[in-house]
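Two complexes are shown next, each including subunit A; its partner changes from subunit B in the first to subunit C in the second.
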Partner chain A sequence: MAKNESNSDSQGTISRRDMLKTAGVGGIGVLIGASGLGGLMSITESKASSTGAKEVVSYYGKHQAGITTKTQNNVYFIALDVTTSKKEDLVKLFKEWTLAAALMSEGKPVGELSSNEFLPPKDTGEAAGLSASNLTITFGVGPSLFVKDNQDRFGLKQKQPKELADLPKFPLDALEEEWSGGDLCIQACADDLQVAFHAVRNLIRIARGKAILKWAQPGFQRTKHADAKEGTPRNLFGFKDGTVNPDVKNENQVNEQVWVQPGDGPNWLAGGSYLVVRRIQMFIEVWDRTNLKEQEATFGRYRDSGAALGQKDEFEKLDLKHKHANGSYSIPGDSHTRLSHGNGSEQILRRAFSYSNGMDPKTGSFDAGLLFLCFQRTPSKQFIPIQKRLSEMDKLNEYTSHRGSAMFACLPGTKQGGFIGETLFN
Partner chain B sequence: MKLIKLSGILLLSSSLLFGCANTDTTSTTEKEKATKNVAADALKGVTDEYRKYAIGEIEEFVKATEVFTTAVKNGDIDKAKALYAPARMHYERAEPIAEVFGDLDPKIDAREGDVPEVEWGGYHRIEKGLWDETTTKGYEQYAEQLMKDVNLLRAKVDTVEVTPDMLITGAVDLLNEVSTSKVTGEEDRYSHTDLYDFVANVQGAEKIYQLLNPALKEKDAELSKEIGARFDEVYSLLNKHKKEDGYKSYTDLSKEEVKELSQAIDALAEPLSQIGIVTEAS
Partner chain C sequence: MAKNESNSDSQGTISRRDMLKTAGVGGIGVLIGASGLGGLMSITESKASSTGAKEVVSYYGKHQAGITTKTQNNVYFIALDVTTSKKEDLVKLFKEWTLAAALMSEGKPVGELSSNEFLPPKDTGEAAGLSASNLTITFGVGPSLFVKDNQDRFGLKQKQPKELADLPKFPLDALEEEWSGGDLCIQACADDLQVAFHAVRNLIRIARGKAILKWAQPGFQRTKHADAKEGTPRNLFGFKDGTVNPDVKNENQVNEQVWVQPGDGPNWLAGGSYLVVRRIQMFIEVWDRTNLKEQEATFGRYRDSGAALGQKDEFEKLDLKHKHANGSYSIPGDSHTRLSHGNGSEQILRRAFSYSNGMDPKTGSFDAGLLFLCFQRTPSKQFIPIQKRLSEMDKLNEYTSHRGSAMFACLPGTKQGGFIGETLFN
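Up next, the complex of A and B:
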């Protein structure tokens, strides 16, 4: 997913570390003590531009960050169930979440240290002194927030978009309740796992008594540090993953493929996007004893270069008609590339991360795989038809198993002073 | 709000200007003094009340331990088993005070492996005899020693100074106890009577909340209401697991039910951890 980049998302803002450094200089500290924190901010902020720190993704905007944002090194993804039955609690929660998320996106703690030592600190503290690390926090709502056990829980039933429905059951699905569903989701991505974890931890803490953790899955990619050229990251099968994706810098394309448009459904979701999550276990031990030819035939791409079979360059347009001398297709009919591409009319914005959860105690093998996250404007025309083809024929299915699944509508963005979810709840 | 005024400086000294050791220490000690004085004066009545409550529980604990240890010594295994869990509840309710005696607490309440085998005695040692080995034989000496230690606890408790700090920390600690050992079934690993300890810890925390509540209401009525509602939720979950005069065995809880209890405790403990605002001058 190396190509995902949206310039408007990144801005040169000061990191917390820079602020600390500056604050320590000379006698400024004393001066600040008298004038308060606001003073400090303005002093350092004017200096910040010269440091050129580009690790803050702005939180507020027409769309939530974390969708067309250049994919960070890490994700911490959580699904939650709402426990309160009051809509006003839910609104309060989203207001508090918005403020906290905006602060953390700037590398700031969710609350200041109180002078009362009999209180636990507001912020949990493990991100103190760390840069914002391009942290993005993306909130979504699941179908069960609207209707659960036939109950219109919060009087929102009328607002539920048709597209926001449980996914159909696909052949070979091996879904487990403990990795599926959720009334809400939070996707926290950052170039540092501790920063991402800090974010979800504090958001969950704010939600205590209103929502509980349903499931959680961290994920990773190679770091940008490890790959100075920032090529397409490789998945745990060793193949470049993320080559073909909508161009997030092309506004027409993202409006066409990713962002829900006015008139698509209920207007509260315009500017939002549907997220389909699949937690896909990859049997890496089995894969590792599969010969290279077979591996490449499975994806329909060369492992080394990432180019489609029979072609040269990773980013070359697929030549699906290309044939071997014996008349068979170079990109096999049951290969992942051919099947997921289809006729090219369905596209999704993939933003997947690898995961490894240590050992599967049942088998003694690794519990590793792909936290497949994809964004789109209309699931019924994008993820669902693609996955239908894949689940029926994909050669990759011999090496993978879909263990978890969920669908969320990621809310549109908000302006400073507003809150995420305002269009839905108001 | 005296304390809040300080916060601008304190915030900077502790979180930003950690290089300036001087400013840091002075403001911290001043802050401590300010908080403690305010707290101690305003909450005097409350600490006295709590003292009465805790000593009352310890007195009940002495009586219950008396009957329990007698049953063990008489070889009346069924009676001993029936008395075990209810007796412990008194101790678990008064844990913030009982714990003050770092030497006695392990003697009375250590679990297997907490202390070297040769030193291990107390309630859980006898629990192992009753449930795991189904005997009281050889356990008379432990019963004897337990009674002595509990009597000593009763005598020492009179010397404890109850501070607001003890209450504020104690309330959350009681729930932390639940989160870390009761909800996992590790407290009573042979008898599986963990739910009794669970309930007692919650009741102990609730007592502190009730005592501090008038002061809390003045500071933050909404928080007070929220904590009250969360206690109700925990009790309504616990009520589902009542059986005869007591509670179900821990092993009869489903994984889902354990998770539900655990998350309800988290939901209660988070707002309860804000109860320290009662120490702030207004």
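Up next, the complex of A and C:
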């Protein structure tokens, strides 16, 4: 297993700029949040994250893990609604969640397994002995945490970023309340579904009396090939999905596209990222009756190679002007690739998973599709304009239906002793 | 990954008795089914199954793979109803399924990936390039394939084994039609869920016009520990599940407990096995509020070690007479372990997986539990008496509810050139 790869790249390395900043406010080991930027980390964490325990992604760092981390095989995504009305409960919750998430990320239970027989065990136990399986746990806050029914629920209203708002309604949206929204979210990813489920289950349990489950969706994907090489994962239409993604190892690119920067909005979110979730049902039986030419015209790419139509290689720069002999564009105007690309100015970090929940009793078909998760610095300049184009013209819409939608601000990371959410709540 | 371990043990090895039989009917390479026993295999298959391609479990053999095979991390289980009324369609279906299953078990697509752009691709494509991930595909036939609404649907009525009947109604059963029954079943297991789903999806697609999905349930489990040792998997109550299982490497034991033997009933099933499926909902939130002492008394075992109460080691012989100082039994009379064990005469081969389908919108809790799959030679002497005891007294019933149930006869294996079901349909 690739261990802690992109996470240590993006989190375990202290950039020269960070070092200067750190030195500027008093040397090594400064508390996150002290500067209001949440963007500093101590040398201690940096060392901890490079010790390299097997299949362990380090939890603490400038950014939360699970965003630029190499995508794991499984996700268990949950959205929650907050039931307490007290801000101190929320703070307590995030403090407990941080400790539990850090333990589980190391493959440890959230408390001693069987210490006191007169109490319920602290950890639910099903992951005992298992590898951490590259578990990452990523927390986010939704717009409704700030204001709901016109109520400033926790005195956080003035801290709500303009970008953290419900997405506009797109043409053809068929959203269902049972797959949409949430005051909070947790994305647990691991190479083993039992480990990912164990994580969300124990976090929900810790939240008892403070937050409840709103919706939940497991998912799967696969980047590692039989030859042990990594490749772009394929979605349930059999096409490569995620070819044009920012390079998570390029710090400039992720700062440009993924991480919220100081000055972008309220400082508490600097080092965080906006997550857009879309639960996209895929009509796989209809797709499977469609001929290959039509399928490839729909995506604008060849199925086997992933290359754009008229081109050779998956990662070649898109040649949108390439034409057939008859003068029509090789990559059709209504194809997913052309519309996603637009003028090339918008990029999002896609981290999508397929889902298949068994049979849909209403149709007798598989209830299957894509749990589309994407991270970005500025939704209004990234996901929203892309999705606006896609929702209006994308030929793929004939085979898909957006049934769920949510937006969350994924908080910046923290260091040992701190807690996720400290920059927001303090 | 352990490759083809128990499968090659139980399938790739020719017993002395088989060798004698084979010799008796004309030497090496005799067709399965020629003797009516389905119990012979050729030296060729034996060699093929020991070539040891990585993460490949050989498909062909005396028995179907996926029964005594080491349990993989994931299952995608589907039940189907037959829609055709013609026996020749069924035969055609099983022939096509056999070829497709054999290809997928080697990590290959079910047809050339992108050969003709004017036709839908033969393979749905999402597993292209992925490892076979120890995929096994196991086919079974349900009682309703033989007789439904008093109709002898395919002229097979006289071939229906007495043992292949709907299970009796047990006390506390809360079965739902949407999780029960089926004319046919397919159990696809793999260490990767994408590979398992790809398999059932392509098999369903091949069945178009002949059979439809009735219900479907994915699941997961984990036997491999962080230290790379294999251990008994834990269920979602955090307890080890499957400690007392027949030794799949002991040929006598699996012949005694798992494989239908010549003379047990109609000869077409010799070399096959009966599969009982129970979809058992687990009330994990209730369980998680129960103290450890009560949890351990409910199972009759310690959570951490898996040892029976009053004993030290998970695999120690059960001491059902062990008593507390106060004279009460250490393993309570209503505990799952004592009731499952009974007088020790019944054993089943458990191959269970946990499931978690997201949130149950009716309760707001996780829809989670156990997809209990067990294989056996004679249900009336194995699962049924065990479940009768459990359903009447098991303390675990306070925390679980049986929501789905089905019984299938898993067909004997076949050799290259033959097809699964040949002994039944020919």
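Quick note on the criterion: the second predicted complex is superposed on the first by the 367 of 426 C-alpha atoms of A that agree within 3 Å, B and C clash if a C-alpha of one lies under 4 Å from a C-alpha of the other, contacts with A are read in each partner's own complex, and residues count from 1 in each chain.
Here is the rule we use: contacts are C-beta pairs under 8 Å (C-beta built on N, C-alpha and C of every residue); 3 or more make two chains touch, one makes a residue touch a chain.
Being a predicted model, the structure only gives us computed values, none of them experimental.
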{"item": "First, second, both or neither for A:398, with subunit B first and subunit C second", "value": "neither"}
{"item": "Which superposed partner A:256 touches (first subunit B, second subunit C, both, neither)", "value": "neither"}
{"item": "Which of subunit B and subunit C A:302 touches, first, second, both or neither", "value": "second"}
{"item": "Partner chain in contact with A:230 - subunit B first, subunit C second, else both or neither", "value": "neither"}
{"item": "Contacts of A:209 with subunit B and subunit C, given as first, second, both or neither", "value": "first"}
{"item": "Comparison of subunit B and subunit C by subunit A residues contacted", "value": "C"}
{"item": "Partner chain in contact with A:120 - subunit B first, subunit C second, else both or neither", "value": "both"}
{"item": "Touched partner set for A:83, first subunit B, second subunit C, both or neither", "value": "first"}
{"item": "Partner chain(s) touched by A:152 [first = subunit B, second = subunit C, both, neither]", "value": "neither"}
{"item": "First (subunit B), second (subunit C), both or neither touched by A:292", "value": "second"}
{"item": "Doubly contacted residues of subunit A, that is, touched by subunit B and again by subunit C", "value": "113-114, 116-120, 128, 205, 212-213"}
{"item": "Complex contact set, residues of subunit A against subunit B", "value": "19-20, 23-24, 29-30, 32-33, 36-37, 40, 83, 109, 112-120, 128, 205, 208-209, 212-213"}
{"item": "Interfacial residue positions of subunit C with respect to subunit A in the complex", "value": "54-55, 73-74, 76, 78, 107, 113-114, 116-121, 123-132, 178, 192-195, 197, 201, 204-205, 212-218, 220-222, 224-227, 231, 234-239, 284-285, 288-293, 295-296, 302-304, 354, 356-359, 361, 364-366, 368"}
{"item": "List of subunit B residues in touch with subunit A within their complex", "value": "3-4, 6-17, 19-20, 23, 31-32, 35, 39, 164-165, 168, 226, 230, 263, 266-268, 270-271, 273-274, 276-277, 279-280"}
